[in-house]
Structure formats: C-alpha cells, structure tokens
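Everything on this sheet refers to the single structure shown next.
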C-alpha cells in the first residue's frame, strides 16, 4: 500500500490516493470520519479558531461499501479560508516556517496562502489514509494508540496497559493523567495570551504485532520505516524508540530487557527497546515518541528578510494559529503509525 | 545511487554494491581505506580486542581509476573469527540483541556466529559506501563531519565552526573537548571493568548544502531521508534534528530562527531547526544527533530463555565486545549521512 | 516524477496525481485540454457513441498558472453513464476482458460498471498526465509523436521525418498515408457492422533525446522503462523497439546500424535499433511500436461462465463500444511515452 | 525480493545480490549450478569458443544450507580473458553495440574490455539469481520453461503441454521439433562461416500461476513487470504476450478466449491472451515471446567513427563471438521470467 497526499491549504480540495489497498475491506466510513473529527480544530479553547469541516469523500476504489483493490482516493473540500491574511507574508518568510526554503525549492512559485502545501491542514488526508490503514490492521488484531507525552516541559504519566492508552487517546485532550493535562492546557493558554507557542511530544504504541517483522537492512528496518512516516508530519523534529535519547545516559545492564517466558511465549520483562531489536519486531508493543517543535507562527514581532528588496524587516504574523499543535497531532501520529505498520506487515 | 549491503560477521566476505554511481569520478581508494581505518577497532583500549583488517577491494564499476557508472561493488574479506565463542548462544538469545527477533524472522535459520548479518561488522561496507558518497559530495563542496556528543551522560562541547568539527572528527577519540573526552573514556573503561557497557550519541553536520533540497512530502522530506539511513545503523534508537527533543520544552519565541541577510544571502541567525524547515533545506548546516543504545553484549549474568526447551536460563556472554560503540560509530554516522545527502541531492 | 491514476468508469470522478513535478512550469492548460480532446470519442463514426466531456481540472500543485513542485492533481468528472447496461454482465465475465481476473483479484468486489477501474476511460487521466510531461519535455527540445501503424493487417507508410510524423499525429484519423487510412476505416466499419472488432498497432517516436540516457541494468534500461509505461495502457500486448520482432528474421550484417559522422556528431546511418543500444539512447530518434489487441467487447454471441452457478452460458454484450481503439490510442501512447521519457531524463 | 547485478566481462568477478529472499529455503546449489551450465558456452559448435567456467559461490545469506533472509550474494570468478582482443575497439565503437552510447553515458570511462558491464557474460549472475527464484517458485508449484521459437526466420513447433515444453527446454539445442532445430543450426553455421550473425526469438511459459495476480495499474500490471525483467537481458528488442504482434491482424471474434468450466475451475478454451487480461493473471499459462537481435559482433567489415579523430573508419571485429545468442538465451529468459514471477507473487 502506498499513499500520495495532495492539495493546498487554500486550494479547492485536499486529498490522498492509496494504491495497493487490499480488496474486500468493508470500509467503515463513519469510523473514518470520526478519526478526522478527532483531528479537527475548534473543540478546545487551546486550538485555532479556524473551522475545518473536513468531510471525507471516498471517490474511487470503493464499491458497494467494500474496497475493490483499485486506488482509493479520498477528497476533502476546503472552506473557511481567509486568504487575504497571507498576502502580507508572501515575500517576508515567517521564521522557522517552510516559507523560505519553499520559496527557493519552488523557484518563487509556491502557493503561499495559508502555508499552501506545507500547511498542517494536509494532515487531514493523512488521518484519512491512516483511518483506512487502521481498519486493515484491526482485521489482524493490531491497534495503534497515542497520548500527549510532553507539552512545554510538562509530562504526562507513562501508560501501563493497552486499554489505558486507548482510553486516553480518545479524550478531547488526550492524556493519561488529567491533572498533568490541566497544567499543559494552562501552559498553552499562557503562551497564547503572550502571542507565543509551545512544543511537545506524542508517545504512541502499536499493540498486537507479531515478532519477526522487518529486517536490519536499509529500507527494511522497523525504526527506519516508522521514522520516514513520522518525519513526513509537519513540525516533527525527533523520533525515538523505547528509551530513546535516554539510552545515551544508560548502562547496558539497565538498558537490556531480560527475556522470559510468559504464557508459553518468549517475552521481554521490560520494554526499553520499544519492541524492536536489530530492526526487527520482538513481539512487545512497539513504542516510540515523536517531538513537535513549537508552532513557528507566533504573534510576537520577529525578524525576517524581504525577498524582493533584501531588506531586513520586522514581521508580525496575523491569522488564526494553534499555539500548540500537539493535542491535535495525537491522531495524526497514530495515522502515520498505522501506515507504517501496514508497510511493515507488507499490506 | 542506491546501495545494498551483504555478508555476515563470520562468513567469507562482507561487501556492498552501489548502483547509479555517476561516471567519471576519479575514486581515491586510499581515502576510502582511511575511512575504513577510522572505523577499525584496536586503536584504543576502550574498544574490542577483535582485529579487523578491513581492506576494501573494488571489484566492479571502476576502470583505470575512474567510476564507469556501472554498479560498483566493494568486497572486504573476513578474518580473525572465533566462531566457537558463539555456539553456546545459538539457542539462548542475548537480551536486547537481534538474536530472538532474528530467530523468528529467519525461521530459525540465521547465521548466529558473531551476530551474523546483524553484526556491527556490517558497518564496514557502510563506511566504504559512504566513502564513495563523500568523494562525490566533495566535488560539490559538501562536507560531512561528526563528533561524540554524549557518552553515559557526559557531554562534549557544541561545535562552533566547520573546521573545528572537521578537526575533532579526525581524532582517535573524536570529541571537541578533550577533557570531556577523558571523562568519557573513564566511563567506558569503568563499564568495561564491571562487565557492563554504555550508550551515547553522535552529533553530525552536513556543510555546504544549498537551500531548497527536499520536500515536505512522505519519501521526499529531508528529515525522513536522513532518518531512514541513520536507523539502518545497528543500535541507533533516536534521531533528532537541530534542537530535537528539547523542542518539547521550548516556546516558539525561543525556538524560531530569525532570518537575516548575510553576504547577500538569506540566513538564519540561529540554527535550532538544524538546517531544515518544512522538510526542505534552508541553506544552514544540516545538524542532527543520533543516539546509540549501550552495547547489549555485556559480561554480567542475564536472564534469557532456551529456545529449544522453553526454560528460563542464566546467560553469561563470552567473546570480545566493545563496551561502547559510540567512538567507532562516528565515521559510520558520517557515512550514512553522506549516502543520505547524495539521495537528497539526487546523486 | 511519479504518477498515480485513480477512478472508475462510472464513479464520480477519475484523475491522476503527479508528484515530483518540477516547479516553475507555466502550465498551458488549454494545450493540456487539447490532448484530452484528441483522445475523446465521438469525433469519428468509427468510434464509440459514448460522449465523454473530459474536462480537466487541476486542483493542486498549480498556483497563478505555474507548477509549485507540490503534487499536481488533475480531476475529470464522469458523466453520460449508462450503468444499467452492465448489470447483466456482473457475474458473466466478458471473454478476454479484465472481468474474470478482476473478479478473483478483488475477491468479487470490483466495480463492474463500465469496466470500472479497468476501463479504457482511465486513459483520460493518463493523457492528462502525459500532457504535463510533454510540456516539460518541450522545454528541453524533446517531442513525442505517433501514428497508426496497422489496423487489421492494413499498414500505414513509415515516417521519414519528424515534421511528417507530427503532422500525421494531429489528424482526426492519425495516419501518414490517408489512402491507407481509408482502408483501415473501412475495415473498422466492416467489423462494426458485423458486431466484431479489430486490433492494430501504433508506432511512436521520441525526437530530440541526447545520447547516453539509461543503462543496461534492470530498472534503468531504456526499453524496460518505456515498456513498463506502455503495458500499463489497457489492451497493449506487445512492445517492440526499432526493427522489433523482425530481428528474428534478420542477419547482423543487415540489422547493424553503421556509424557515421553528421554535422560533427556521431550518428547511425540507419535506425534499426530504434535509438537504443545496450539499453542506452544513442542520439537517434527513439522508435517503438505498440500492439493493441482487438477490443474484447463485441456484439457477437460468446461463451462464458456464470460465476454464481458455474453454468456455461451464452453472452451477448450490449452497450456502446469502440470496434477499434487504435485511432484513439495514438495520444495515449504518446502520453505514456512522454512519462517514460521524463523518467529516463530524471525529471 | 530485489536483485542487483554487478561486474564486468574482464574484471575479477561478476555477481548478484538478492535482497528479501525468504528465509528457510534449503537452497540446492547443485541445481543452481546446473542452470549456469545450461547457459555456459562451448557445448555446441554453433556457440562462441570462449570457455566460461561459471562456478557460482554463495558468499552470504546462506547458512548450513538454508537461506537466512539476509541478502544473498553469489560470486562467479572471471577467467579465460583475452583482453588484448579489445584494445583496438576502444575508440572505434562497434555498430549496434552499447559501445558508443556507453562511451557517452560513462563520459569515456567505461571498461571496454569484452563489452565490460554490457557483456552477455552478465547474464550468468542473472541465471544464478533466477535459479534461486525457481526454487522458491517450485515450492508453490510454479514452473518456468522456454524454447527457441525462431532463428533467422526458421520456426520451431508450438508447445502443446507443460511436459513437452519442459523436456524441450532441457535439450542442448532447446527446440520442440528437432528437425526445425537442425535447420536453425544450419542457418547459424552458415552465418558463422560468412562472418555474420542471426537473430531469433524465445518463447517462454510460466505454469501453475493462480488467477488474480497483478493489477491494471502502472508498476503493478503483469505484462509491465515481465517486460521490465526481459528487456534487462542484453539484445532483447521485443516482448509479446500471447498472440502478441499478431493481434494487429486479428478480429475480436478470433482473438477472444471463450470462458468455460474445466474441473470446476473457470478456464479459457484458448490462450490468445497469454494468461493475462487487464494486467491480471487469469489462471492460464502465462506465455510470452522475447525477440533477440542478431549479435552485433560480426567479422564482416563495417563502418564506424574513430571517437578520437572523428574520422570515419572501416572496422573488422576480432575475438570470439556467438553467431547467435538465442540458444544460450533460453535459460536466461527463464531466469528473468522466474524473477518477474517472484515479483508478481510478492515474494
């Protein structure tokens, strides 16, 4: 299964084509829509005021409710666009946005309105594609769930069990520990009030994978497959598996996961490896953390350069922006993980 | 350019084939060999006692000293193998090694001797392939250099300039701050004496890249391309770009890199983004950090399971192992980065 | 540049997404539409009565008339569908159609209406994608043109020059020799009157390619790249380069193309090789012939099997079908060739 | 499973790496060697006098006789090289060889000795890779067999049954009709005596494939997958499926294959389609024909250009060459078909 996402924030439509979808899946389009709704803004005062209807239309590859095996295309109409907000930004790239490198890569031809193809809005078709992947995985007993791990330095609890994580992932503000969640929300609102933004991280787990998937080699190793999907999410700047960057502070005797027999199955007593050894799944939950940089769109004045004149100028960004994209990123990370898991399983 | 690495630790030969190598490169095989020598063990008391000759033989794709454009294969003969050391491990997988998932993936058929195809020894052909890539990059003024960033929690200094990092990368113990390096070596030797191992991280930079390479999309974004190459290195468990995981603790006003004009060129005043915005290079040095888990091979007794009997058993690993692979991983990270950079440049 | 075609004959929409389109192309959408019009039915009494509006809408990747480098999606709305015509065929596969293998591959879930995703209608987005490719090629002085070579055993003349072939390709019935064309049309109409269909072949040339493109190796050789694009056109059953199958009747002394110097450039005096030696372009026009089987949809009674009952049944196909798809296939072959040429050029 | 072939005719070694080989195959290396022996020259007076030992050494991916799933590399040492024969040809490209386009593509750096990487000798590792593929296919009841269909206009009989084709394929001169074979041999020897060469064609069938493999789409359709593998064989200039180019002379009523029920299975009464409809296998034998151009190396004087001086010169090629490569191409076509079949089956 391969996917290709297309569209721009202020174009007529955004969408995704999935090729290689196995035939015969009774696609639950209501469940697909629920995934999009999880991602939609406007549910929480911490999010952007932009309303995104995000109604998914499957226009190919589906017949009488079942996938046909032909390429499956999902379209989402765009609406509620304030393109005028962006004209002032056309030649004054927003710091740490894709604006400047996008200007160079597109030879000055990019659609600058609302971030164009760089917009976080393009995560809507990603969630839609991931929703198809999730339904394929569910047939195999595989489930993906995530929660907010960190926002602006404030940590959520670790998850103990699959049901606990699944429950947390479905919350409007998806944390395990609601008290920690309240602190995170306060940090986001504080940033918002100050015209600033905050970063954070999402921890995600894939449950139900058998041991033996993947390979150590380039292009086939489990970490590499997941990382490629995860870094395609805008604003992701780090991907860690299991203990992740903390391995750099650890000794082997602490880091190693002893092997044991549980219900007749070889199991690791701990899961520092995040379910992967030598690039291959070991049968434990596959666990990884994805770090999101703070939204670069802040209202505070910033320095930039006018690309027409070369003059250094002060920039104040208008428009409606998430002070923190991490809460809405939870279903996006799950979607990318679902697509990665399909690739790993050879679906 | 694509590469395929083959071989096993105790097989007759290991090697790599590179296809799509541009024709006409006057390959400096002595420089290629020097890269392999940087990786070779036995230079430092902190490393494994295993001697690896690692002499690279280019057996195809090279004629009269120049690349022909045909697939270029490099072979390295194996030697100094103590295969007997590994027989005891055949059915008692070492915790946190590829042994158990490799057993499952290979249906019990893997070459268990010396880690087989999972062995860190397979990074030798990776370094050889990377050496070819480096010479192609040098023609375009692009240079890759790395240093040890962390070992067991002990930090090296940050790099200020390209010459400083290049100089550090060539040291026998590649750090910027030799005093920090001494502390790191002491931690490694302490772990070694205690039958333990330590993890760490390598920071790497690619200098000389133009702005505008890559794309935000899956399969084309700069971070994803690099991550896929880096996670193919054994023991890598995290990849971060620029400020990386610390973005989760940061506000946008601190994280954003103001844009400015320097020598008539749009430049970022800081480089928190690690040279990448929106998946595209911005003309700043591309900077990333790669975390290595502690070597799972430790002498301390560990718990595992006998795959024949299902019994839980105590395991003591014999053989010669690096208590810390991070110092030798520096040229390996550079090699993977050089291959990723070639992919990014469309070489 | 990669493309993904989606949609079904009687679905709401068909389309294509092109990723990796170079930025900055001032896309001539009128020229794109003209390519679609060349393919559209209803221009000639020999073609199907089905009217296809085939208006292309570029919905992404284009901004202010120029390509942005982001994925470019072209949508074509469907209309004028007589889905009811096909209900009788749902479980009685038409001989030599994709019906039966499609039934198996889709586990019985394919969209059977109008051939679904197997329909020749899906060549409309292919022509649209090819139209983008042609405009990119024109920037490099590369031009693709084709003509009908054979219909039902009746041959067109060979082309002498690029202008002659280009002129022929633009005709309503694209042949070099209009007298031969009249005979072909008579054969088609005769088949139509008899409820039958006829096969044929399209000869195509790519002009303006430099020598040295491609490689002998799998996945990179020129013939293989073209063949993969050409066989993706429905009903194509043979692809030949230069002298093609007639090489099996030939001696080397006749088949070899002597090398000579023309205008200071190494040139072949003849072009039996079709512009390719050793999988690499030699600077001569790249010439190939593509054979199309007769349309399998004929009105004459045929034998098939009822997939529900297993009974052998007589089948009479209703609906509107081309008795010969070859005339309309000329722009389709050109489109596939344009995409193949872009792949060869690394666009 | 992917493969990468490397080496040059007069280099130290030629070989192939197969990645993605399923683990657990008990590789019959003697059977692999027998495939190489079928291709080896010197068995028949019609073939080249060059002796090729062609002993295959599996140097990775195999342990205790079974595939491990790690990349499997096969090396074949070169020997019996008369490199001096080729020095005169270095700057006077042989007409219709890869010499001139190879010169351009390699920027003048190609290994010209014995055709270098363009040599037919590179089909030895292809046969070795195909031998691995055949053993994987045999596990699934799939068998590939071929015969000489045409040499210099002389036709072999058509095959009736799988056993008849399998028996013919194993002959020293692999034809069904030995009388036709004698005429072919006479034509080859006549060409040889006259310093000339002849072309021909190989017909191949894949038996035992289920219906439903492949898809109509680019990159997934059965014909395209096979064609890409077949055109990677040197000297192949046409690929036809089933009735092939003769479809251009045929009406639908003759070309269509009626469907019938045989042993409870939907079957085609004829096989004009060559086992493929709509790009998908239909359960009939997959049948295709591959045309080989006459060997361009002939002893007769030819015209070429001296690349150093630009002067037109007369060329007489020395060295030992096959006057017809078609007999030795039979196992090569089978090997390419076996690899294509593995790709189709998702192996």
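Note that the chains are named A, B, C and D in the order they appear, and that numbering of residues resets to 1 at the start of each chain.
In this text, a contact is a pair of C-beta atoms (placed from the backbone, for glycine too) under 8 Å apart; a residue touches a chain by one contact, two chains touch by 3 or more.
Note that the structure is predicted; figures quoted are calculated from it, not measured.
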Tell me which has more C-beta contacts between its two chains, A-C or A-B. A-B
Pick from B-D, A-B or B-C: which pair repeats the contacts of C-D, with over half of them the same residue pairs? A-B
Chain centre separation in whole Å, for subunit C relative to subunit A (CA means): 39
Measure off the straight-line distance from the CA centroid of subunit A to the CA centroid of subunit D, and report it in whole Å. 47
Using CA atom averages as chain centres, what separation in Å is found between subunit A and subunit B? 27
Which parts of subunit A, given as residue numbers and ranges, touch two or more other chains? 5, 19, 69-71, 105, 117, 215, 217
Complex interface listing, subunit C residues touching subunit B: 19-20, 69-71, 215, 217, 220, 346
Interfacial residue positions of subunit C with respect to subunit D in the complex: 3, 5, 93, 95-102, 104-105, 117-118, 122, 149-153, 191, 196-201, 210-219, 221, 223-225, 227-232, 234, 236-245, 247-253, 255-261, 264, 266, 268-269, 272-274, 276-283, 289, 291-298, 300, 302-305, 307, 310-312
Taking the touch rule as given, give the residues of subunit B at its contact with subunit D in the complex, in rising order. 2, 4-8, 11-15, 17, 19, 23-24, 59-61, 63-64, 66-73, 75, 105-111, 116-117
